[in-house]
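After this come two complexes, each holding chain A, first together with chain B and then together with chain C.
== the complex of A and B ==
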């Protein structure tokens, strides 16, 4: 089932709104209605921002308007941050404005207190949607943080400010979950973001439509999806099947258990549905479903930054035996992975380059460089392994600080990776066990397209996910 | 089988060495033989540090000695950082010194190139051990970082410097793995450390003896064990069974698979053994085995900081629906956990305190406070739940920054936790989804005994591990 192009165009107008009004804008620091203004101002946004509040004259230096009808310029997008009971009236005012001025493509309703909150809430949500949709206005939410586009600079969220650009678009039923990921990633630049939608109760704009939209969005390399439940799961799977032919969808599905499903219902009013059915359907649709939050976090950003493996032959290059062993344990459990069988000349090169204490390619696909290596050797060895045509992807592990200069090491790893022309690059996951204690090295690697991970076992899962998707895509594109 | 007390006393002399000599000390920055000196000097160590190197007069301001025989003061511990081929001769010199001066209780051999490195290495290791042990000297390693004691200030490692004190002791077959954990934890104070041993090839001092030793060590609240393989696994399990009656042992066992086991052999010369057998034996012995590195990291530090749950009735208090749902999913899968059934008066108190948008105790054991709460309310609500005698432990989840001041929030959480007398405290896991982006808040919580976690699903596993151990201990102490 093809989504009508009007939907696509309208979503495009939301992400590229030429003017954004915030009904319920506040001058009180810490209030969502204030924070939204502050974050909107942080962006490189070329359009106009219009606070609307009957009792303020300016907010954060912006002229404030008494009501939405008064706002002079073009308003493609309206954000509503009012108590739930006031939202329907606000919707009516927005419709009145649209009738007069012809603008307003979409409304983000931030407020909670709708279908996640009993029968009254459900009715209120229905009313809200009917008023807006009947008048050609798309509704995002309610009970959400709305949308962000790091390229256009549109940002209606109250928890995420200016953010590094990149290939990941994230659509989420839980604002807190997705915002946690983005903020978790922020200090080290772990995620490069394109578009973000906190979908909330999905009264109108929902995961299905957004999947299709992002499937066509050229800047989106990977779609991250956090889902609790959706009424029309079959249609979601149809959309995912279409989209995953073109680009990866990485999903985390909560509400897996009876109790979890009940919690999801109080949260976004969603019915979770059978977890086993989702699991099978996702797999068939080519959706990569992460089992843990850590796997989800790291898989999404690996897809966002790295080239896809062209095969399933993976090599482990480690400076550290323990983490290397843990990674190999997990990688050798993944049925879709084969440990790469490198050429004899590659082995000879490694032996000639490394210290005699190194164990080269033992077991197959695994070289322990041991600690006695300097920054330059890392670069050489990485190049040797990546040059071997029998290798489709590499996991590199170390714990850098005391022996080596982490900045120099990171620069050398980047130089090795980037010594190959872009179209010949292979995915490299760098496991730097020290976490934030090697922040400077990690920032350099991340800024240059090399994802850095903290857990050797998660790295194996991420590599397996990259391979799974390549295999899926190869299969369906035949 | 009881370990002879002489072993205990000798290990005690290593951790409390009155003088430490480093054979192979180096003045070249970045070399292990230099880094060991630098880290040793960082500690509050009351004993003397003696660099030994025939071609230097001072190293890092310390007088350097030509050979170990020349060192004037008491030397309880000698560190050897020489090429593998030179270690046996060094051992002979150490023995000669002991014969003359009567000191030297133990030797740490840092050098690699022993049983992890073929037949020659195995023979060299045997020779090394025989020379030392026959002369009453204990051998730590070879192929290791040796020992650290944050209280005595002894530190032979080249990767860990001055470290916050606490209740966790870590014994590890992989220095890189354990050091990764310690460094990963360092910037936020996630781990409070007591003793640390990187055991390497365990030619003499091994995991069995160290388990027994730490079992009797009053400052050790929890023992973290990283293991790849051990020859006498049966004896290890016997020791673990004894020790886990008194205090928890949290284990990560690598070399789970055929390939992983081969890698472990090239790493520490160990044969991994059947993973399923380890799994069952650990469970019977009351050892908490973590399935993932993240679970291991967080379980160890939770045991190190928190009181033990007195029952299995756990409550989830969340500000954030998505992460809360994920946590509940995982917690409700743990068979040993029951969601706490709070008293009617507790529910009334929660309803009276929280905003009307909050969903109180729905589903049972789960309250979503929703985002509309201030820092003070967090304190009140935490107290209300922790006061209920039907609650044995609490997982608290939030994503603090935009609305709330993270420092104030952290201080209020600490105040709520510490408002109970120490003997009445219940374990609280604080999931602050933002990771390093809320570093300041996390530091406050960690410094006051409240572990902060990043992943809601891992938090559930950690709580389940705390409960499993309490249940085990209750069972065996009957």
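== the complex of A and C ==
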């Protein structure tokens, strides 16, 4: 079921475009056609950016061209930010340019007013696709933010600027949802991003092709997928099955439609809503489906930063009773998880290190350190638990007390985590109940590969998801 | 008759659903177990069939226009003697005549009555987006009330069917509760797998509904089969 390699190479050209032209570039601050230029300039982009607008001479210090035909250098990617009615003519000009110069591998059409907008729009979208695709040009969108690659520096979006690099690639059928995630995560560096595609109406480039592409993309450690619906769901699942053998896919599926009433004559027909089928098909294909937005956010970034658990034995180390209990409740509901049975020597080490008020390994798999642990002790305790071979993953919870320095605490947690050579590291989720109030500490943890979470129950779900994927991968690679 | 012939004859008769006796013949070709049965056209044939099968028996109306048999009183359970069967025949036909009017009646299905096992449901459909999918869930009316179902794309193997099974509440009961013995989970999985084969190998099938399916410690049987054909 592999796509021909040509599709892969074409997409590669978009993410690594040597020159990007923006038709409909604007010098008016606040307009998408201006914002796209500003964000493109923020990136570490080695290629050239060519604003195209017949009525401007320069935009943000860049020379502006009257039309796409007169842009002098190589243009692999063209962004179109025009009123919908003008997009088809723009596409024709792009094709004319390609015929003359042989460049242009892809076009991102940002504009709305296509198939999401009634019969006229559908007609326009079909025309747009036919003109471009027939001439060997790939179409992203329309009605989208387009693409971003933090490594090559290509960025066609008007909502996301320079972004921290990392292993997460995000493909989304909603620009608003995906941008919400990226912007929410940005201030503390919660997400390390590789590639981002807001797919819009998927007139040409769609989720199936992108999954396959990202599956082969070495820098992508995890694929986040926001899906509303796709005509050929079976092919999507086949692509996901192939890809999830190599790397995790975390999906959030919205739009819970029911099958038509024509199918309702049997029980199976009437309850076989496509959402329930997605549920089963995702599991079958090894796709991790998040039930809530919070679970999706945190699961994606945990996969992006952490090593995968080698087993299902998880330990909870908490400074605080309430959040620890909530986490334990949720974790013990996950069928795939076992609370780790630590060695007697580990218990002895913990007792010797912690204050007498601490509750060590009671219940099994759970130690409450209490507030009487300073920053350095944190490091020691974490090392003790992480070095026990009976532990495959750790959830650490605290509400950092006022008498501890949050930076120092974070540095000690990082030191404990990084004291193990990379190939021996185990996933650690740090739940810091204060959220944005401990921003400085969280930034340090995040920058050093330790995801910080806010909710103890979500942390349990995330750990369960990490384990589910490890178990899936072990099964399929047998 | 091979399933190809059964399906061809359904189409030539203009049937939307495969008659239940024929549905069991197709099941048998795909190693999906069902209780012993006989399709009869007269009471005399019915009494003879019941002797062969052994009492108690269940009788069901067979009509191309009656899809929901129970709703028209078209199913009578647990007939223990020839006398009961004799009366049951009359009652069944009376029920159907009263509640469904002058529908054509092809005949009556006499089926071996099974002891109580754990009721589950297995089904499937050729979904426009996903292609062939199989469903497993709680049986009887629970399936509608609790929506306790789990899906997989077909074809699937025994291990995948097992994981599908384990996602449902029905699994908790099949495992055995309060000292009841566990059901034959492998046999249940086999029905799921073979239902998937039905859908992938016979492209004319639109939907399959096996409900109830009875699971026992030593086997699993489809007690009611409804198979809808594509137009």
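Operating definition for what follows: the second predicted complex is superposed on the first by the 460 of 478 C-alpha atoms of A that agree within 3 Å, B and C clash if a C-alpha of one lies under 4 Å from a C-alpha of the other, contacts with A are read in each partner's own complex, and residues count from 1 in each chain.
Following the convention adopted for this analysis, contacts are C-beta pairs under 8 Å (C-beta built on N, C-alpha and C of every residue); 3 or more make two chains touch, one makes a residue touch a chain.
This structure is a prediction, so every number in the text was calculated from the model and none was measured.
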*Which of the two partners, first being chain B and second being chain C, lies in contact with A:112: first, second, both, or neither?*
first
*Does the superposition put A:404 against chain B (first), chain C (second), both, or neither?*
first
_Just checking: does A:450 make contact with chain B only, chain C only, both, or neither of them? Give me first, second, both or neither._
neither
*Look at A:283 in the shared chain and tell me whether it touches chain B only, chain C only, both, or neither; answer first, second, both or neither.*
second
_Tell me the contact category for A:32 with respect to chain B and chain C: first, second, both or neither._
first
*asked:* Looking only at contacts as defined up top, I'd like to know whether chain B or chain C touches more of chain A.
replied: B
*Touching A:207 in the superposition: chain B (first), chain C (second), both, neither?*
neither
*chain C-contacting residues of chain A that also contact chain B*: 259, 263, 266-268
*Mind pulling up the chain A residues that touch chain C in the complex?*
230-234, 237, 259, 263, 265-272, 274, 276-277, 279-281, 283-284
*asked:* Considering only the defined contacts, which chain B positions touch chain A in the complex?
replied: 30, 32, 35, 84, 112-113, 116-117, 158-159, 172-181, 183-184, 186-188, 226, 228, 252, 254-260, 262-264, 266-268, 292-294, 319-326, 328-329, 332-333, 339, 357, 359, 362-363, 365-366, 368, 370-372, 399, 401-404, 433-438, 454-458
*Complex interface listing, chain C residues touching chain A*: 67, 121, 123-125, 127, 129-131, 133, 135, 143-144, 147, 149-153, 156, 160, 163-164, 167, 206-209, 211, 226, 228
